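Shared chain: subunit A. Partners: subunit B in the first complex, subunit C in the second.
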Partner chain A sequence: MLAKVYVTLKTGVLDPQGKAIHHAAETIGYQGIEDVRQGKYFEIRLNPSLADDQARTEVEKFAHDVLANPVIENYRVEIVR
Partner chain B sequence: MLAKVYVTLKTGVLDPQGKAIHHAAETIGYQGIEDVRQGKYFEIRLNPSLADDQARTEVEKFAHDVLANPVIENYRVEIVR
Partner chain C sequence: MKFGVVVFPGSNCDHDTYHVISKVVGQPVNFIWHKEENVEGYDAIILPGGFSYGDYLRTGAIARFSPVMRAVTNFARSGGLVLGICNGFQILCEAGLLPGGLLRNRDLKFHCEHVSIRVERTDTPFTIDYREGEVLSIPIAHGEGNYFCDEQTLADLESGGQVIFRYCDIDGRITDEANPNGSLGNIAGICNRERNVLGLMPHPERAAESVLGSRDGRAMFFSIADYLTERLKKRA
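Take a look at the complex of A and B:
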């Protein structure tokens, strides 16, 4: 069983890394790119004996406590069998 | 128009950051987590006048040339209207 966790900065939080990537894109000639925001992505392999709701609870807690900083970041959990 | 780009390490490429997160998870008592791999996630705002296939071509090239290192990383592009 696999969990995918997406962590993104909340709207309004400055993203200097994304800005740097956007600036690089403009410099080397990508015209269609208007803004870039960088987030994090985690693939978590879970014990297959966990039930779906147990798995979701455990990963939600892990994302909230460890992977994301809930003050400035949002996170989303997806469970894949 | 929004593009989402997911960058992950290829299978077999060592992921010390993921290993460190996994180790932390074990230490603080998450029993169900068997492995963690960390990737990157980008949200790219595109010029809305681009056609879907133009947008995909531009973002695929950008992901290949700038966001990912194709020697050790895979990437996946999703276009959202």
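Take a look at the complex of A and C:
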């Protein structure tokens, strides 16, 4: 069982790295790229004996307490069997 | 009185801070290893600058879970003085002992230079030896010093007099040009509501002796010592 956690900056939080990447995309000449926001992606291997809702609760807590800083970031959890 | 300087794997300003307290201020000081679970007997604890745990995940994010931080949190909650410098400030924010967080500098550059900061408040144990409005020359050295918090938190910090230092020009004017990293409100340092926990990005320990080009930072350490002397006198 696998948990996928996506951590992204909240709307309104300046993302200078995303801006730099966007600027590079424009310089190279990619078309239609209006904005880039950089985030983090985690793959977490879980013990298969965990029930789905238990796994979700555990990983949500992990994401909230450790993987993301809720002051500046949002997170999204996916559980994949 | 006794000072403690916490040492995390990756701290690199611990010896500078120790030196200033022992040789410049002349007070007893110990290093506290990050695995220590007990900080009894200390009057002030300093979280020094550096790159604790390689800044992995986020600056200060891993250090915050080290055993010593549980003890430091209890120490702070019971009124102990805690000063976080640079990475120490980032750790205090991650630990929730100070509000907000520190983002990547807006220009993506690591800034290592002397900046001017203005003393906004002298009613904290860390700033009693300064004058309000005094402009200090103190070095910064960080890539993530861009202070951020939500609007309500910022309003609370301002109304509570918790913004203690702001980036300014040499005449003390708060301008965007004088803001090295994009911090909201030119914030360089804040304290908690109880005023016993202070975090700042500039390095006062690197500006405590004339040979280093500025001694404007030394009053921060003398303030703590003077405050503790008074407090210990009252208790005696």
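Please note the rule applied: the second predicted complex is superposed on the first by the 81 of 81 C-alpha atoms of A that agree within 3 Å, B and C clash if a C-alpha of one lies under 4 Å from a C-alpha of the other, contacts with A are read in each partner's own complex, and residues count from 1 in each chain.
By definition in this document, a contact is a pair of C-beta atoms (placed from the backbone, for glycine too) under 8 Å apart; a residue touches a chain by one contact, two chains touch by 3 or more.
Worth saying up front: this structure is predicted, and the values here are computed from it rather than measured.
More subunit A residues lie in contact with B than with the other chain of the pair subunit B and subunit C. With both structures placed on the common chain, the touch criterion links A:Pro16 to subunit C but leaves subunit B unconnected.
In the superposition on chain A, contact is made by A:Glu58 with subunit B only, not with subunit C.
In the superposed model, A:Arg45 makes contact with subunit B only, not with subunit C.
Touch criterion met: A:Val66 reaches subunit B and subunit C at once.
Once the two complexes are overlaid on the shared chain, A:Tyr30 sits against subunit B while remaining clear of subunit C. Subunit A residues 66-67 lie at the interface with subunit B in one structure and with subunit C in the other.
Note for the complex: subunit A touches subunit C at residues 13-14, 16-17, 20, 66-67, 69, 71-72.
On subunit C, the positions that touch subunit A within their shared complex are 57-58, 61, 65, 93-94, 99-101, 103-108, 146, 148-150, 182.
Across the complex, subunit B meets subunit A through its residues 6-8, 18, 21, 24-25, 28, 30-47, 50, 54-55, 58-59, 62, 66-67.
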